[in-house]
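Next, two complexes with chain A in common: one pairs it with chain B, the other with chain C.
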Partner chain A sequence: MTEAPHNDTPALADEARRRFLKRAGLTAGFSLFAGSALAAGLPKALDEATSSERRWGILVDAGKCPEGCTACVDACFEEMGIEGPRVGDNHSRPDQDSQWIRKVSLKNEDTGHALALPVMCQHCTYPPCVDVCPTGASFKRADGIVLVDRHVCIGCRYCIMACPYKARCFVHEAIHDQEPYMPRGKGTAEGCTMCVHRIDHGMKPACVVACHEEGAGAMTFGDTNDPESAIAGKLRDNTTSAIRADLGTEPGIRYMGI
Partner chain B sequence: MTGKRGITSPLRTAIAVVVLALAAGATPAAAGDDIAPDVPEARKGEHCVKPVPYMRRNHMDMLKHKRDKTMHKGQRKKKYSLKRCMDCHAVKGDDGDFVTAKSDKHFCNVCHDTAAVNPDCFSCHASTPGGELKVQSKEASR
Partner chain C sequence: MTNRIRYHTIDNSPGFWAIFVLFLILSAIGLGAAFYMEHHGHWVTGMSQNVVWGTPHVFAVFLIVAASGALNTASIGSVFGRKPYKPLAPLSALLAGALLIGGLAVLVLDLGRPDRLVIAMTHYNFRSIFAWNIFLYTGFLVVLLAYIWTMLDRNVKAYSTPVGFIGFLWRLVLTTGTGSIFGFLVGRAAYDAAIMAPMFIAMSFSFGTALYILCMLAIMVGNGRPVGDELVARMAKLLGVFVAGSLFFVAVHHLTNIYGPETRGLEAFLLLDGGIYTSLFWLGFVLLGSVVPMVLFFHPATNRSFSMVSLGAVLVVLGGLAEIYVIIIGGQAVPQVLFPGYEVSSSFFDGSVAYYAPSWPEVLLGISGFAMAFLVVALGVKVLRFMPHSLADPLVDAHFKGKADKARGGDAAQAQTA
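== the complex of A and B ==
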């Protein structure tokens, strides 16, 4: 997808349709359904394995993100059942608690220009956390989502050190009353899952939903491989970049106006 | 019509025999079998996701298989999910609330205590049923 066309020409839509019809003609039954879901940009079937035909991403328009608004952060904490920095604990400091997403404020001292933006796991195409993981617990799904398989994580914390975005956290304390759809536990590394439990059900990540319904609508979520998706359109029409693009991690989270 | 009935009634008898066999198998504390744990009853109405002898022997492998499919490939059909076991196998305590994995009455603990296995699943996974997403969207999702 390096040579993205500059606008959605009808020819492109036709091409997608042709591709879909070809696939539909070649496959049958279950995979037919899968193929149609893909071509139409619909969520995958529940039992379909995710594939590299999708690349999930989020575009953050930093220009729209107001200083002081924490709708995305609050939604993440609520969805994931993270009590977070607000609650202290016996053996660890509150500032050691998990933060899967945080608002970062920046100011250019020379010009006085100030900027606030949410930073979470950047879901890199080349994730350093995966490179350093000794057990294979840190991994990247075919559709680009970077996760910790906590069943395999031994809590060595290499990934936490390797991540240039400081996006991974460590669970220091035993956790109780987890959300049934979001298991979390002591002794493992964790981080933003891009709300994979929602995406697999065809829903948007909690932060993006909250940003639109309570915040300023600065976040766009979607499949960057689908030329007809809103996010692909915005990436095509605007100058966007990644945090620390110089590192070559090629994040799935991109920013506008930074 | 008559032809159809002719096919279904032997089938029905066969099903009844299977169900009876299952029911017998589902009573672990058979006469003279003192050490068998008293497994809490599941929710009435439906059967388990596989026959009982298979479940007793293979549930750990099933769960691990499902775990890898869900974690790595995002395959989320509910049938064999750990979360769904709790929908049918949750046990109520004396206070009328569902017991958590801390209780020795919890479905998964009864056999494990007897067999001296201690899987740590519930240090992360919720051990009671439920699970509405906290952040609900007002608009359609896509």
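== the complex of A and C ==
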């Protein structure tokens, strides 16, 4: 009996050493991974809260956006798993289908000047949809991205009434095969998330990527608070505007050429 | 002894139970319609991404607006001390609560996720007028219960005036809240206006009083209880003033929009070439819902006739529904202007007038709101003493100088001797 502690002590010490080494190794490995991830451009660790030091935004150069090009729209539908009006195997009528981003064709009534541009959630600094939401399901992250908490949305559609940009949608029927990173559900409101799941992993929104790869490169994404970013530079050097700028919602989506 | 008004419950009669069962069936049909829409999703309705608030909202908003207006009759007695209205007050408070319950039921059953009602009661965003309204509506029901208690229980009768005053203030705030649901919508030209709140208050006076007159006459006459001509004429003229008031606010709203070039297109749509919306406005609200009832209510040849006054009140209700339809559906059908000065088009129907046709489930749910409200009234008057045994003119008005035998709607002799 008295020997036992002596016999166990080295064993316990070995066990403790092994545990320590294992944890140290895991920690070092994780730190190395996290470090390289940050070095690779992750805006923040995934478990870190968003910060108002960043203000994500997109600049659309309407002058570069060709009529008929729907690269951004197609990419959004695919990324988010939205069937939309072009598939047509759902029950909804075309005017009931969600469109988180759409191409709008414009023609000046006086001059006849025509242009086309994508319109999506404008991720306002002062979003009317967030103000009117009775339960707080509509909310704005500190970095300016406006989202819907699908678990708290009761489907009252007041946000859709309040949005000046016609950018919120209502899910009219049951949805199957959702993308794991993008919960959607019948009877709730939804809209462009600026691909928050991609941004948090250091990637650009799907529409912006598609616009550069398949379109005319009319969209620039970035942190408008970072003076070194491309978007901040373009905003500084060009005349830009926002849709319905008169409303004072201060959108994160800005346009050149309107 | 002889000139005292007594309050009685409604007697058992086949007619009462037939109406009760009818309301019960209509309520059940509405619940079934709501379940159908909730089960399948809103694709089975006429609603779309462009018209997200459909016919259920028309009925719900109408009922909620009318609810606060139904309390007018009680307020005139309690707050403004008009004695002839005092015996009318208990039903007024009951009807106000019943209409609110009916309206809220329709509103809640049309939610995308009605199963999450508990979330609406536990998560609040106090920047939202909807969140304020949850408190305004439930608070109004509490005030009404207290008011009814003070009116029906002699021991606390002394409190009926102060509680009635709170009720009066509360209903004004409540309808301000309902109007502001639309008035605060900065992104839609059809709504974004401070006048929405007082306009809704004016409408509430009109719709609520119309429904009150209909309910009062139906219950009193249907149960053989006398009602005085003078009383009915007095209420009819009051309703005429309310109808004129709501017409005035609607006119000012439209005139203001016509004056500004920015909103002329909107007004051209609603008032000239909006199809169903234009017809509902001019024929439904203005002509049949306002002008014709005002003639019936103010003309001495018709404002003592129960049937003519009832017809006028029915027209006010239908005209009111038409106007709320124009406001809610017509206001959404107009394209939102994102790019002033541009013609716009898109796959999302930018720049196009939205198509909307009510579906049967929506209409049935809306009608069930009325049925639920009347069911509450029927239950109320059956189990509690809301209704006076007589509203004959000499009884309700000490200064009445007319002929007592004009009391109709029941046994006139009973009215004089009771």
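We adopt the following convention: the second predicted complex is superposed on the first by the 210 of 258 C-alpha atoms of A that agree within 3 Å, B and C clash if a C-alpha of one lies under 4 Å from a C-alpha of the other, contacts with A are read in each partner's own complex, and residues count from 1 in each chain.
The definition used in the following text is that a contact is a pair of C-beta atoms (placed from the backbone, for glycine too) under 8 Å apart; a residue touches a chain by one contact, two chains touch by 3 or more.
Since the model is a prediction, treat every value here as computed from it, not as a measurement.
Participant: Would you check which partner chain A:Ala245 touches, where first means chain B only, second means chain C only, and both and neither mean what they say?
Facilitator: Neither partner.
Participant: With both complexes superposed on chain A, which partner does A:Gln99 reach: first (chain B), second (chain C), both or neither?
Facilitator: The second partner, chain C, only.
Participant: Applying the touch criterion given at the start, work out whether A:Lys44 contacts chain B, chain C, both or neither, answering first, second, both or neither.
Facilitator: first
Participant: Just to be sure I read the superposition right, which of the two partners does A:Glu78 touch: chain B = first, chain C = second, or both, or neither?
Facilitator: The first partner, chain B, only.
Participant: Scan A:Ala174 for contacts with chain B and chain C and give back first, second, both or neither.
Facilitator: So A:Ala174 meets both chain B and chain C here.
Participant: For chain A, which residues belong to both interfaces, chain B and chain C?
Facilitator: Correct list for chain A: 174, 186, 188.
Participant: Which stretch or stretches of chain C touch chain A in the complex?
Facilitator: Listed in rising order, the residues are 38, 40-43, 47-50, 52-53, 111-114, 116-117, 119-120, 123-125, 127-131, 134, 181, 184-188, 332, 336, 338-339, 341-350, 354-355.
Participant: Considering the complex alone, what residue numbers of chain A touch chain C?
Facilitator: 85, 90-93, 95-99, 102-110, 119, 128, 130-137, 152-158, 160-166, 169-174, 186-189, 243-244, 247, 258
Participant: Residue numbers of chain A touching chain B in their complex, please.
Facilitator: Those in contact with chain B are residues 41-44, 46-50, 75, 78-79, 81, 139, 141-143, 147, 149-151, 174-175, 177-181, 183-186, 188, 196-204, 206, 209-210, 212-213.
Participant: So in the complex, which bits of chain B are touching chain A?
Facilitator: Where chain B meets chain A, its residues are 67, 69, 71-78, 83, 86, 120, 123-126, 128-131, 133-135, 137-139, 141-142.
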